[in-house]
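Chain naming follows the written order as A, B, C and D, and within any one chain the residues start at number 1.
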Amino acid sequence: MLHFDSDYMEGMHPRILEAFVGSNMEQTTGYGLDEYCVMAREAVRKACDAPEAEVHFLVGGTQTNATVIRALLRPHEGVLAAATGHIAVHESGAIEAGGHKVITLPHSCGKITATQVDEYMTWFYADESFEHMAFPGMVYISLPTEYGTLYSLREIEALAEVCRKWKLKLFADGARLGYALASEECDVTLADLARLCDVFYIGGTKCGAMFGEAVVMRKGLVPHFFTIIKQQGALLAKGRMLGIQFLTLFTNNLYLDIAHHAVELALRIKRAFVEKGYELYFDSPTNQVFVALNAEQESRLRAVTTFTEWERLADGRLVVRLATSWATSDENVEALIAKL
Amino acid sequence: MLHFDSDYMEGMHPRILEAFVGSNMEQTTGYGLDEYCVMAREAVRKACDAPEAEVHFLVGGTQTNATVIRALLRPHEGVLAAATGHIAVHESGAIEAGGHKVITLPHSCGKITATQVDEYMTWFYADESFEHMAFPGMVYISLPTEYGTLYSLREIEALAEVCRKWKLKLFADGARLGYALASEECDVTLADLARLCDVFYIGGTKCGAMFGEAVVMRKGLVPHFFTIIKQQGALLAKGRMLGIQFLTLFTNNLYLDIAHHAVELALRIKRAFVEKGYELYFDSPTNQVFVALNAEQESRLRAVTTFTEWERLADGRLVVRLATSWATSDENVEALIAKL
Amino acid sequence: MLHFDSDYMEGMHPRILEAFVGSNMEQTTGYGLDEYCVMAREAVRKACDAPEAEVHFLVGGTQTNATVIRALLRPHEGVLAAATGHIAVHESGAIEAGGHKVITLPHSCGKITATQVDEYMTWFYADESFEHMAFPGMVYISLPTEYGTLYSLREIEALAEVCRKWKLKLFADGARLGYALASEECDVTLADLARLCDVFYIGGTKCGAMFGEAVVMRKGLVPHFFTIIKQQGALLAKGRMLGIQFLTLFTNNLYLDIAHHAVELALRIKRAFVEKGYELYFDSPTNQVFVALNAEQESRLRAVTTFTEWERLADGRLVVRLATSWATSDENVEALIAKL
Amino acid sequence: MLHFDSDYMEGMHPRILEAFVGSNMEQTTGYGLDEYCVMAREAVRKACDAPEAEVHFLVGGTQTNATVIRALLRPHEGVLAAATGHIAVHESGAIEAGGHKVITLPHSCGKITATQVDEYMTWFYADESFEHMAFPGMVYISLPTEYGTLYSLREIEALAEVCRKWKLKLFADGARLGYALASEECDVTLADLARLCDVFYIGGTKCGAMFGEAVVMRKGLVPHFFTIIKQQGALLAKGRMLGIQFLTLFTNNLYLDIAHHAVELALRIKRAFVEKGYELYFDSPTNQVFVALNAEQESRLRAVTTFTEWERLADGRLVVRLATSWATSDENVEALIAKL
């Protein structure tokens, strides 16, 4: 049986494991104040062409979303997001537990547009009683989205502009950022994100690390963010483990190499599905493949691999997601394709 | 200029004012432990035919919604509500500030159905990752709704049944409850609500009181609710002011008399609008009248009365709301109608 | 039986009741946007000699403390207070429910000093791991304190200076402020508070109003405080009731007249206790009298009046508090004194 | 230069690293539902002689404290703790950020007693206005304490009994639990804790793991704790990393072996300090050594090792802490002792 359930089924990229082995007996101070973290921050800043940016390492995605949003918003503010946004659906109410409303906008393949934000804000301030509503204080986007789709540079620039216009913060959830950056269809770079977003993060957990997310934020955006991280329970005692991982990922281009590998294999799988007459549900150019299976296809696929069930459609078809990662082998991809 | 903006534009019903005058120099203990509160609680219980129910007096509606929901839900739970529900739109994120997600369902004239709840719950538990989502823990309805519409007894019974099935609490926001009870189209009684809901409240502020909401809850539902009220900043020091008001409202049927008066005048206004060719936007049988005005109608109405602007439609028409109350006079209603 | 339990046992000062009666049938807009509130804000600003100050009317004390503190502090901050401060003891954890730690300092008769704050801050930043602790973001004082004691102008100036030094907000809880201002021993004025504090409030509930607290804050201190008030459930729908009360209290010096009356009678009671050999527990110059009763005194006092039990001392004596108000009559004071 | 700053300066115990290496390419499901976690839970249950207990793996200590406390307490409740408790001092207000007051009791060498709890509860309910205070809902203890001291079995039994009496939950923070269990002076076992506490945790981060805390709780204590963990941002995507670590720690007695090693070396250091005339500040029988250094001693120690500065005493002496771990070598201990 093959396993294409997700991109976090294996441990960690071998080079990270080597780095753990090599550094294991070294003694360092805790909480991210060690030399590995210093170097990793510098490597991330360099990759983002953002020498002034603040870089903070947290452990997981929901944790990062909750910590960033709570740190940035004032009490009366909420966060605008696609109705399909991870913070709106699959974080168990973590944003609300931090006191803030997730204000959802209809999505188009997981995306929202600058126009939607502009219209919402226009509508908001036109309402006689807008002071009785949660104020939008931030726009949250995911790159890639939960449906594996991408924002173009132009779309993000437009969002950044509309955010400036309405004094909203722009926050990009990059839990799978590598797979966007590595996609041929993506014209957005880390430097673009650092320039256009107030804050975004570079996902490690789903892109080859054992765990870890690297938050990149405008300098001075959140005084004492360290203490807010601690308060949120998101400060790793042996913080160097995060530094070691991101230093490894941002040495010799490993982060993008991992992502390119996974995207290439995913595209191969996607093409095979299409050639064999399966119907794509979303046409993702990243490491995720979404297929709508009829009964026959479903039983055939179940016989060869595990996957994530996305949704059962009204017509009985099952939407499933297959994902590749740094650890996916050519052999397994070929084995899968052979049985489609 | 006439004023039909809302049902809380005047002070309080004269009998309440008299009761304040008559009792002003009496000395009582604070925080709702006085004799007026004791008697008022008993009067409310009697009106609800619920001798065992707990009755608590709070000051305002948003406060009551936030306090009740925070007291009843566990950390991982959210509350199901119509997308138009007051808690979802016009409480400045108060429910989320208390840590809980408002999970919205599409509304039909402000209402949600038992079927919708059942389908949501079925969908929820069918999702592979339901444990990563906020659990629905309560259903919130408004009676009348924000659009002045009513739930029938059968509809509430069905909601109560689906709540039992899925172990959800049922909570009815009765900020304008009197105007529902007083409507000819309403077949729901206070006793029905006490029997079917885990908790509901009888609005005072918008039904003749100076302020105040009477929460009626199943006995033992929330241990130490008093302390939660205090923590929420919702405990009135001179609590007897609440007792005096609700005792007055629930003596000699005043609460319903107030509501009948307002509803009757509102129906007269509604009929006049229809007769003169205006288009109703919602057909509310309560004290609120919703009309969609074209440009000519809008300028004519603006010349004679103030009102609440509800929404500017895409076709340029303006939806407005007119409301009556205990204080609305026949003269003013006639003066309005004459100028339509 | 006499009743000296507290200063909120009666309804409201007759002039407020008259103002309610006189204005009852007027129609105004809600939420504090009416003319009474406009005039009351202006009257408060004038009394504070602070033409630029923002004035907001809330309903009760715990509510006001919770709303102000939540609005002013950032997530990683807590509030420094005397261990006896109302927010630390008798608000059911309302400040913590809003997410913030109350950091307590030892008190001296209910007071804390600038030196204590300075030492705490010095200690805080000297700690290697201060970034792992809640940052003090505000100093909270009560005037008068929970023990009826007063800060001198020099003491408050010193606190304001130390707050500037360490970038802390200074917040004065004035739930009983009138009784401080009216005390002969007090050299602090409303203008001093407006000048020295970032925010303070003028208590109405315990100083003759039916309810209400007037928050005075530096202009621009909290953007969108209105929405935070709403979110906290602290926005009164019929907001004019607050305006009417504070306009009445700040017309013709009523607020201070009320307080002078109460303080004068309390001093008379205090002197009588002392003359008859009772022992004061705190020597309050305000409307509160604190006496430590031996068994014989306790039973004598219980026979003539009710009071608030403060604390049972280890030696068996009972500390009790008697309070006077606008409603306390000479007759009742004489009747009490005659039986001591 | 030697480094005795803390017990989390190195990576992880070699056997854990080996287990990571050995399992790295395996594919498992996420979020702790994998076979390693299943086996690790079983191993923990067995070590605790608690076949029914629920075992959950979280990442860090502050996170675990915040998650457990928020999951167990109702809104009106706070947690009783020593004034020196980690949750009271060094978690950046994480418990309050979750909405709950930490109610501190004076400590004796970091400990609180059943008598103190009993007296607090007696005082609490004797107060006329206890319903206006945060209700104690839980007792929090640390084992070992922040000062390296131990509770005896009799002391914990007494605490458990007083908790039953007053319906309080008993929660033991075991961030360094191994070092207590391994101490000769400790008569408490894991089985005792499982029997006496409602919930406790077995610290991994400071006892040889890379990260991780194993929460052991009474079955059924917190429905849907999984979702609360997720909401708190404490759910590790690659959850098996926690399972692998705890399975390794609880195989062949590794957890206790690690702790015995560290404690033995710490005792050797402690004896050396005493023999050479240094003064212990706390006499800890665990892996931590607390010494009060005069100026001469301070400069001598600074020349040979780094350490944690605990507190500068009024007389100028510096209290420092040295800690040992699984990674501390005999050589380094001898090198340290030689230079004292």
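Criterion: contacts are C-beta pairs under 8 Å (C-beta built on N, C-alpha and C of every residue); 3 or more make two chains touch, one makes a residue touch a chain.
Bear in mind that the values here come from a model prediction, so they are computed numbers and not experimental data.
Enquirer: So subunit A and subunit B: same face meeting same face, with over half the numbers shared, or different?
Expert: Over half shared, hence same.
Enquirer: How many degrees of rotation bring the Cα atoms of subunit B onto the matching Cα atoms of subunit C, given to the nearest 5?
Expert: A turn of 180 degrees brings the C-alpha atoms of subunit B onto subunit C.
Enquirer: Counting C-beta pairs in contact, which comes out ahead: C-D or A-C?
Expert: Counting C-beta pairs in contact for A-C and C-D gives the edge to C-D.
Enquirer: Just how far, in Å, is the C-alpha centre of subunit C from the one of subunit B?
Expert: 33
Enquirer: So, what's the distance in Å between the C-alpha centres of subunit D and subunit C?
Expert: Chain centres of subunit C and subunit D, defined by C-alpha means, are spaced 42 Å apart.
Enquirer: What is the distance, in whole Å, between the centres of subunit A and subunit C, each centre taken as the mean of its C-alpha atoms?
Expert: A distance of 49 Å separates the two centres.
Enquirer: Mark out which residues of subunit A touch at least two other chains, giving numbers and ranges.
Expert: In subunit A, residues 75-76, 91-93, 97, 99, 131-134, 227-228, 230-231 touch at least two other chains, as defined above.
Enquirer: Which positions of subunit C touch subunit B when the two form their complex?
Expert: That would be residues 3, 5-6, 8-12, 14, 17, 20-21, 23-30, 59-67, 91-94, 97, 205-206, 210-211, 227-228, 230-238, 241, 327 of subunit C.
Enquirer: For a test of understanding, state which residues of subunit A touch subunit C in their complex under the given definition.
Expert: Residues in contact with subunit C: 70-71, 74-76, 99, 131-135, 223-224, 226-228, 230-231.
Enquirer: Once bound in the complex, which stretches of subunit C touch subunit D?
Expert: 75-76, 78, 89-93, 95-97, 99-102, 126, 128-129, 131-134, 308-309, 312
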